[in-house]
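Two complexes are shown next, each including chain A; its partner changes from chain B in the first to chain C in the second.
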Partner chain A sequence: MIELVAVSKVYNAGRPNQYSAVRGVDLAIEHGRVTALRGPSGSGKTTLLSLIGGLTRPSSGRVRLDGRDISALSERFLTELRRATFGFVFQQFQLIRGLSALENVMLPAVPTGRPHARVRARALELLEYLGLAAHAATRAQWLSGGEAQRVAIARALINDPRVIIADEPTSHLDSALSRQILAILGELRGQGRTLILSSHDPLVFESGLVEHLVEVRDGRLEAAGP
Partner chain B sequence: MIFQPAALALLLASSLIALMLAGAGVFAIHLLRHWNPASGSERQIALERGTWLVSSLVGLTLLASLPTLALFARTADAMAPFFTGAMCAVGSLRANAWGLPAFLVMLALFFLAAAWLVLNHLDRLGWDAPLTRRKYRLLLALSPLAMLQAGLLWLYFLNLNPEVITSCCGSLFGPAAGGVSGELAALPLEIARPLFFLALAATLAAGAAYLARRRFGRAFGWLAALNLPVSLAAIVAFIAPYIYEQPNHHCPFCLLQVEHGHAGWVLYPLLFLGTAAGLGAGLAAGVRAGSLKDAAPRMAAALAGIAVGALTAFGGAVAVYVWRSNLVM
Partner chain C sequence: MNAWIERQRGLVDTTVANLGRRRGRNLGLFLAYTLLVFLLASVVLYGDGLRREARLLLADAPELVVQRLTAGRHDLMPAAWLEEIRGLRGVSAVTGRLWGYHFDAAIGANLTLQVPLAEAPASGKTRIGAALARARGLAAGDVLSLRDHAGNPFALSVEALLDSRSELVSADLLLLNEADFRAFFGIEPGRYTDATLAVANPKEVRKVAEKVLARLPAARVISREEMRRSYEAVFNWRQGLLLTFLSVLLAAFALLAWDKASGLSAEERREIGILKAVGWDSGDVLTMKLWEGVLLSATAFLAGYGLAWLHVFYWGAPLFEPVLKGWSVLYPRFTVAPDVDSAQIATLFFLTVLPYVAATLVPVWRAATLDPDEVIRE
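Then we have the complex of A and B:
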């Protein structure tokens, strides 16, 4: 269970451009389900995902993973936990230009110290699973939107995380590619992983993938679905 | 004021240490008043962020401060020729009223800093930082001591006057000198020698017991602390005379000089390292936090190993100096 207790996030606190992205959010996310945050642009979805995944620390409130307060962890412990528990698929993919698809996928495994050959074999396996085996050597900047998104998913899976966090996973894709990505996410759900998405794409909500819908507006939760 | 590079370095270092620890002390007061890990309040989160930064800065500062003790002893020894009547560091330190107090405060700060560094390192090994309160309480003791040290050093160096006739170590560490130093110098060999070997043996036995069976960890820490004054007393009472091969020369500072083979630079680092590591082992062995149940004994054992090694070497060095001496007491 991932719990957010009275979580707020203020950027540039105390400055003229202070901005409250998340305000007093209480939220419980069960493992093994697909949870989606829905709301307009600027509603705080990405900040909430960052808080859940330990990429950002709250200004107040607590984030707990299986009862353990992760928002109070020092950077060292938080990094270890983030690396082992969460896989991130970013809205803009965030692949590193100049590196091949294979190298991009392998990158998050480098700090774990796992043997290079084993990491490479696993990365190739993931690329093949996502239909990208032929593009393993292609540099990131030459990949199409759908390919880049799948490479980003493969990269999120390289450390075999329990939780996948995907920010607007279909926002840059056409309908056919969006359905393909949603099918892949459905398979990940089938493997028992927890999926937390943010989206305002109707395709995501019509797909039947989402089991727990959370409406976000102005940094607050409006209503939570089943 | 005597403008020596080492004196200027000491003044600069002690002032920076005092400044840093003064700021950290203010933060420590704030933290001890408001620290509540159960709360997710804005203040608590700001404190959590603050403690990582302050701990890192204080840790670096204290680590850098440890060698200042050796530098001060070396500087005092090197300044002896400037003062009429001074033969070693004792003469320099007694050239005014601030030298010896500054040295004693620096000595206390050395061991407290070592203890704080051990607590801080342990605290960082626990995911829930379980020793935060304890290490900031200790920091509250360190802060005024660091300011006192800087103040005393400034007073000492600013008030040094080469025209002043000071007294040599014989007047402080002689059997007829009176005071604590005189009493130590007058301590009979029949008492000082067995007491020294008994304290050292008991400390090493407790350390070995901890290494072998993870028992008597706290006792080892206490014994290491007790062993320090006993060993220092023994150096004055009989080890120094053996090294000088003069029954009435008891000065613990002349040992630093080249004429005596720099014996002090062998004995003191080993004794101080052994004591600091022993104290740290005792502290680590006494930690009962759940998140440190593996890390604390592991660290205690590592420190106990260092302490036992250093104190064994110290005892061995003493035995060699006594054995090689031509003095018969």
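Then we have the complex of A and C:
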């Protein structure tokens, strides 16, 4: 169970450009389900995902993973936890230009100290699973949107995390590619992983993938679905 | 331990991939860096090499040289002075020397004529330095024709060439016997150019010099230590001159390195954010950047130092030769003996590699300690 208790996040605190992205959110996310955050742009969905995944710390409130407060962990422990527990698929793919698809996929495994050959074999296996075996050596900037998104998914899976966090996974894709990505996410759900998505794409909500819907507006939760 | 090694291997792999994807920038930086190390190391290696050679030469120099001054100028010394000096307590040997300069109009250069203290050539024979032989196109058995003090032709048969290993001092040298020397310059018997003194107890050198001056107030006494200091001063001055010029280059490189290395572009900051978001901590990012700085600067250092070593010890340092060796018509063609000094390498390494690595790490550290979320949002 992932729990957010009275979580708020303020950016640029004390400066003229201060703003509150998330305000007093309480949320519980069960493992093994697909949870989606829905709301307009600027509603705080991405910030909530960052808080859930330990990419940033709350300005106030608590984030708990299986009862353990992760918002107070030191950077080192939080990074270790993030590396082992969460896989991230970012809104704009966030692949590193100049590196190949394979090198991008292997990046999260570098600090783990796992044997290079094993990591490489696993990365190639993931690329093959996602239909990208032929693009393993292709530089990130030369991949199409759908290919880049699948490479980002492979990268999220390299450390075999329990939880996949995907921020607007279909926002830069056409309908056919969006359905393909949703099918892949469905397969991941089928493997027993927890999926937490943010989106305002109707395709996501019509796909039948989402089991727990959370409406977000102005940094607050409006209503939580089943 | 295995995990640590695998982690370092992964970081190095990523670093190499990183260096490769900014090939133009890194190649430019590598070349500028290599050039800087090459120039700095060349000056230091050559300057030190010359000083070392000079020290070796002076090791065989007499402890004291006495000259006669007349109206403040060097003048010939009467044989009676040798007897006066020989009588001083502490002096173990006194030898009168004969040497002088002759302008050779044929090659437009000054020659040094000298009577060796031992194994003087036979009458009408000479042994000459390699640079003089090259300039005149002479080999053993040829005849060297000069004009004596009265303008009359003076022929000497070349008996042999002097060993080229001593070219630093023998390049323009012409050895002949005492009678030929006196005839050539018109110097009557009983007069010498100067005198060398051997002192029985090295601790008494200064005292003996004082005694010589007390006995012969018109004398000038030069100690080996003073000659060594003069050489050092000349080489230091010349090396300092070059290093001053090079410091401009060093400053230019520092600016370039600071700009290239420290100014993290928005793209680089975003990449650091991505790495942190996918599970790298600040330490991992810093270690990777440290590897990047070390790989670039250490390879450039090795390349620059290696080239400098070849430049100085095998190619005779053509870039700095005129400044460090002096200006002359008859150039000694000589290379300093190869030498590796660990303290010198360490100094050059710390002067060039550490500042670069530090300049690289500071901005990375600042970016790496931010929340990944914050960096990606930028």
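Observations
Just so it is clear, the second predicted complex is superposed on the first by the 226 of 226 C-alpha atoms of A that agree within 3 Å, B and C clash if a C-alpha of one lies under 4 Å from a C-alpha of the other, contacts with A are read in each partner's own complex, and residues count from 1 in each chain.
Operating definition for what follows: a residue touches a chain if its C-beta (ideal position, glycine included) is under 8 Å from a C-beta of that chain, and two chains touch if they have at least 3 such contacts.
Fair warning: this is a prediction, and the values are worked out from it, not measured in the lab.
When both complexes are superposed on chain A, chain B and chain C sit side by side without a clash. Contact with chain C, but none with chain B, is seen for A:Arg97 once the two complexes are overlaid on the shared chain. Angle at the C-alpha centre of chain A formed with the centres of chain B and chain C, after superposition on chain A: 50°, rounded to the nearest 10. Legend: residue contacts after superposition of the two complexes on their common chain; A:Leu203 is shown touching neither chain B nor chain C.
Counting the residues of chain A that each partner touches, chain B and chain C differ, and the larger count belongs to C. Legend: residue contacts after superposition of the two complexes on their common chain; A:Asn159 is shown touching chain C, with no touch to chain B. Of the two partner chains placed by superposition, only chain B is touched by A:Val5; chain C is not. Look at A:Ser60: by the touch rule set out above, it reaches chain B but stays clear of chain C.
Of the two partner chains, both chain B and chain C are touched by A:Glu75. Nearest C-alpha atoms belonging to chain B and chain C sit 11 Å apart in the superposition, given in whole angstrom. Chain A residues 57, 75-76 lie at the interface with chain B in one structure and with chain C in the other. Looking at the complex, you find that chain A touches chain B at residues 5-8, 57-62, 68-69, 71-77. Listed in rising order, the residues of chain C touching chain A in the complex are 2-7, 9-11, 13-14, 17-18, 20-22, 267, 270-271, 274-284, 369, 371-374, 376. For chain A in complex with chain C, the touching residues are 11, 47, 50, 55-57, 75-76, 79-80, 82-83, 88, 90, 94-99, 103, 106-116, 119, 155, 159. Contacts from chain B toward chain A in the complex involve residues 37, 40-42, 45, 48-49, 52, 124, 127-129.
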